[in-house]
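Below are two complexes that have subunit A in common, paired first with subunit B and then with subunit C.
Moving on to the complex of A and B:
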C-alpha cells in the first residue's frame, strides 16, 4: 500500500511537470502578447505526431524528440506570423474564435494526413524497465526520466526568463510593450520567438506524454483545459504561478483518483464507493480552482485581473 | 436604411425557416425537416448565449453545460418513467415523466440553479479569467457525466420514445418541427422584449461602461448574474428539445466542442443581433450538410471559413448582408 502511494505521488509529479510545459507557454503568450490561445493543445498534438512519425521512420526516439521540438516551433512560428499576429489588438472573443477555428483546422488536417487510428511511440531500449528507488519500491525508468527531463526544462526556462537578454526583453514586453518598442526592440520578432518557444515546450510535452499513452487526434484538448485550470489557479501571466498551479493540479488530480475511492470505501459498499469516489475525483481540480478563485479572484500569483 | 435592410434579412430568415420544412413535407423529404428542426434548436441555444455574449459582453465558453443539463433532464426523466422507477422516494416522491412540459420545467429549474452557482463564482472575475473559468466549470460537469455510471456514463442515455406534448404527435417530424419553431419564436420574442426593457438597457450599459452603471446606482454584478441565469435557462430548454430530437443524450452535449459550436452559431450569424443565432445556425447546418456530403474532413474548410469571418467579416452573416458593423 505504501509503495502504491509513493508510485501515485511520483505519477502526480510527472503529470504536474508535463502540465507545466504546457501551461508555461500558454501563460507566457498571454502575459507578453495578451492573447488567449486555444490552439496550444494542437501544438502539443503536432509535437506528439511529429515524434511518432519520425521515430517510426528513422527508428530513433531521439530524432523523434528533436522533430517534435522543431515541428511544434515551426508550426507555432508560422501560425503566429500568418494569423495570430492579426489578433493581438482584437478582443478576447475574436481570439477565442480564431484559435477555435485553428483547432478545427489542425485536428481535421492531422486526421486527413495520419488517419483516425492512434499511433504508438515506443520507449528507447535503455529507458525501458523499472528502477529500484529504495527497498522494494520500483518505478518505471522512462517515467522517472520524463520527470527529470521536465524539471530540467523548467529550470532552463526560469534561467532563460531570469538571466538572459531574451528573458529581459520578454519581461519588459509583459511590463510595457510600447516602451520596449520605442527602445528599438523588434517587437514583431520578439512575439514570434515567444510564441514559437511556447509551442516548442508544448510539442515536447506532447512527445513525452505520447510515449506513455497513445498519439491521437484530440489528445491536446483535455491537456489544454487542465493547463487553463493551472494558469487560472496560478495567476495568468505568471511563470511561477504556472509551476505552483501545475504541481497542485497534478498532485490533486492523481491523488484524488487514487485516494477518494479508498476513502469512501471506509463507510460505503465497494461499488458505490468506486462510483462516487471516481466521479468526485474527476471534479476535484475544478473544485480546487473554484476555491482559489473565491479567495483570490486573480489567482495565487496574479496581479489584479 | 441599414435598419430596414436588417429587417428584410430577418424576415427572409424567418420565412425560410418555416417555408423550407413545409416544401420538404410536400416533397416527402423528412430528412430536410429534421435538419430544419436542428437549425431551430441550435438557434435557440444561440439565442440564450447571445443574451450574455452579445448584449452583456460576457464571453461564456461553458454554455454546453446548460445545453447538456437540459438534455439530461429529458433523458433522465424519460428513462425513469419508462422503467417505472421513481427518482426519489423520500422525503417526497418524485417520479419520471414523458411529458415535455414537465421536463422543460425541470430543465429550467435545474439549469437556473446551476447557473446561479457558476455565475456567482465566475462573474467575480472578468476577461480571460471568465472565459477560462466558465469553460472549466462546464468541463467539470462533463467529467462528472462521464464518470457517473447511473445514467449511461460515457455511452449516454437513449430516449426510446420521443416525449409527448398534449394534443401533438411529437413523433411526426413536421409537428415536432412546429413545436421547436414556436419555442424558438417565444425565446426570440422574450429576448427582444428583455433587451429593450430597463433590465436589458442596464445589461448593455454594464457592458459599455460598468463604472458609469455603478455610479448611477446599478450594480453590474447582479444584472449580469440575472442575465447569465436567464441565458442558461434558454439554452437548457434548447438542450431538452435536442435530446428529444435525437432521442439520445450523451456527454457530447456537455463537451467544450459544443460550447464552441454554440458560440460559432452566434458569431457566424452576428453577435448582439436578434436574428444572428438563427442565421448562424442555418449557415452551419447547411455547410455541415453540403461539405460533409462531399468531403469526410469537412471541418477543415469550416475552420478556414470561421477564421476568415473572424479576421475579415466581423459583423457575421447578418452584419455583412445588412452592410453595417454593430459596435459590440
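Moving on to the complex of A and C:
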C-alpha cells in the first residue's frame, strides 16, 4: 500500500510537470501580451504530430523531439506575425473568436495532411522498462524521464525570466507595455519571441505526452481546458502560479481518482462507491478551482486586476 | 398544393413498374468525424458508403453530419435531419451516451433507427422500440464473451476497467455476468481520459491474474502504450473495441498477442466478407475495422428492406428489416425478439501479417448468443 501511494504521488508530479509546460506558455502569453490564446492546444498537437512524423521518417526519437520544438515554435511565430498581432488591441471576445477559428484551421489542416487515424509514436528503446526506486518499488523509466525533463525546463524558464536580458524585457513587458516600447525595445519582435517560446513549450509537452498517449487530431483541447484551470488557480500571468497550479491540479486529479473510490467504499457498497467516487474524482479539480476563486478571486499568485 | 403533389406522386408510382421499390429513402447519418473518436465514425461511414456505392441504388439518398462526440450536437443534428431534411431513417451513432440522447425521441417520431455501433442496455430491454434495430450487437455482448473467455482461459481473478458512460457500465456488467472468478477492483475512468498512470499503479498493486479493459478509440491507444511502458505483466483481455484495426497501427508491436473478443473479424470465412475486405482496402487504402463492417452490414440491411417494401408503409418496411434478408459479412445474420442480433462471438489475437498488425480468430467464445435484456422487451 505504501509503494502504491508513493507511485501515485510520482504520477501526480508527472502529470503536474506536463501541465506546467502547457500552462507556462499560456500564462506567459497572457501576462505579456494580454492575449487569451485558445489555439495553444493546437500548438501542442503540432508538436506531437511533428515528433511522430519525424520519428517515423528518420527512426530517431531525438530528431522527432527537436522537430516538435522547431515545428511548434515556427507555427507559433507565423501565427503571431500573421494573425495574433492584429488582436492585441481588440477585446478578449475578438481574441477568443479568432483563436477558436485557429483551432479549427489547425485541426482540419492536420487532418488534411495526416488523416483521421492516430499516428504511432513510441518511447525510445533505452527509456523503456522500469527502474527500482528502493525495495520492491518500481516506476516506469519514461515517466521518471518526463519528470526530470519537465523540472529541468521549469528551472530553465525561471532562470530565463529571472536572470537574462530577454527575461527582463518580458517582465518589463508585463509591467508596462507602452513604457518599454518608448525605451526603444522592439516590442513586435519581443512579442513574436515570447509567443514562439510559449509555442515551443507546448510542442515539447505534445511530443512527451504523444509517446504515452494517442497522437490524434483534437488531442490538444482537453489539455487546453486543464491548462486554463491551472492558470486560473495559479493567477493569470504568473509563472510561479502556473507551477504551483500545475502541481496542485496534477496531484488533486491523480490522488482523487485513486483515493475517492476507496474513501466512499468505507461507508457505501462497492458498486455505488465506484460510481460516486469516479464521478466526483472527475469533478475534483473544478471544485478546487471554484474554492480557490472563492477565497482568492485573482488566483493564488495573481495580482488583483 | 399538397393534394396536387400527392396526386402526381401517386400517378408516378402507378406508372413505374414495381411501385414499392421506386420510393426514395432518405437516410440521415450522424456520426463522429472529428475529435478523439473520429477514426470510429469514419470507419462506420466508409463501410456504409461502400455498400451504398456497390448497390448503386438511385432511390437511396444519404445525408452525413459530424456529431463531434457531443450529445447536444447529435440532438441538434437529429432535429435538423428529421424536420428539415425529412429523413426516413437515422443511423451512424458510435457512442452510447449520444445514442441515448437521440434514439428515443427519433423513434417516437416514427423514424427508423438502425444502429451501426452503440446499443445501450436501456434500448434493449424495457426501452426497446419497434423502430429501433441494432445491427452491431447489444453493448454487453462482446464483454460477456470476454468474461467467458477469461474464465475458460483459467484466470481466477480480474481487475476490470471502463469509462464512466452507459457503454462502460454495460461493459463491466457484461463481463461480470460471464466471468466466474473474483473481481479484485472495478474502476471507472473519465470518458476521453488520456493518462492512466493512477489506474495502472492500482493494477500493479492489485495482484489480479488478469486485466479486463474496455477503452475504445484513443483511450485504448493511450492505455496500451502506458501499460507496456509500466512493466506490469498481468495479461490483458478486452473487447475488440480496445484493439480495433484503427488502434493497432498507433500502438505498434506492444499490442502483439493481445486477446480480444469480436463478432466480426477479417478472417471470417465467407464470400461476402472476403469481397468486403478486398473492396474496402481497394477503395480506402486501409484494412477495415469492425466499425466498418457494422456500417457495411447496416447499409446492406437497409437496401434489402428497400427491395421488399416501401418506407412509407412503415409496417411492411419494418417487417422487411426484421427479416434481415441480406448477405452479412458475419455469415449468418438474424434478429432476436428485441431486434438485436443473435450471433457468434469469437476470440481474436493480435498478430503481424507482413508489416501490418491485425487480428486473427483463435476460437469461438459464444455461439448463437442473444442478450440479457431481450426477455424484458415487450413488442
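General remarks:
Simple rule for what comes next: the second predicted complex is superposed on the first by the 305 of 305 C-alpha atoms of A that agree within 3 Å, B and C clash if a C-alpha of one lies under 4 Å from a C-alpha of the other, contacts with A are read in each partner's own complex, and residues count from 1 in each chain.
Here, a residue touches a chain if its C-beta (ideal position, glycine included) is under 8 Å from a C-beta of that chain, and two chains touch if they have at least 3 such contacts.
A quick note: this is a predicted structure, and the numbers were derived from the prediction, not measured.
Superposition model on subunit A: subunit B and subunit C are shown in a clashing arrangement. In the superposition on chain A, contact is made by A:8 with subunit C only, not with subunit B. In the superposition on chain A, A:207 contacts neither subunit B nor subunit C. Within the superposed three-chain model, A:196 lies out of touch with both subunit B and subunit C [touch as defined at top]. By the touch criterion defined above, A:275 lies against subunit B and subunit C together after alignment on the C-alpha atoms of chain A.
In the superposition on chain A, contact is made by A:143 with subunit C only, not with subunit B. Applying the stated contact rule after C-alpha superposition, one finds that A:100 touches subunit B and leaves subunit C untouched. Legend: residue contacts after superposition of the two complexes on their common chain; A:292 is shown touching neither subunit B nor subunit C.
In the superposition on chain A, contact of A:111 is made with both subunit B and subunit C. Only one of the subunit C stretches 77-85, 203-211, 293-301 or 365-373 carries C-alpha atoms that clash with subunit B in the superposed arrangement, namely 77-85.
Across the two superposed structures, the residue set of subunit A contacted by subunit B and also by subunit C is 107, 111, 221, 275, 278-279, 281-282.
For subunit A in complex with subunit B, the residues that touch the partner chain are 30, 36, 83, 86, 92-94, 96-98, 100-105, 107-109, 111-112, 221, 225, 228-229, 231-232, 236, 275, 278-279, 281-283, 286-287, 289-290, 293-294, 297-299, 305. On the side of subunit A, the complex with subunit C involves touching residues 1, 3-4, 7-8, 11, 14-15, 107, 111, 116-120, 122-123, 128-130, 138, 140-143, 209, 211-219, 221-222, 254, 257-258, 261, 270-271, 274-275, 278-279, 281-282.
Contact residues of subunit B toward subunit A in the complex are 53, 59, 61, 121, 124-129, 131-133, 135-137, 139-140, 143-144, 146-150, 256, 260, 263-264, 267, 271, 297-300, 302-304, 306-307, 310-311, 314. Contacts from subunit C toward subunit A in the complex involve residues 33-36, 38-39, 42, 164, 186-190, 192, 194-195, 197-199, 201-202, 204-205, 217-219, 221-222, 225-226, 228-231, 246-247, 249-252, 254, 286.
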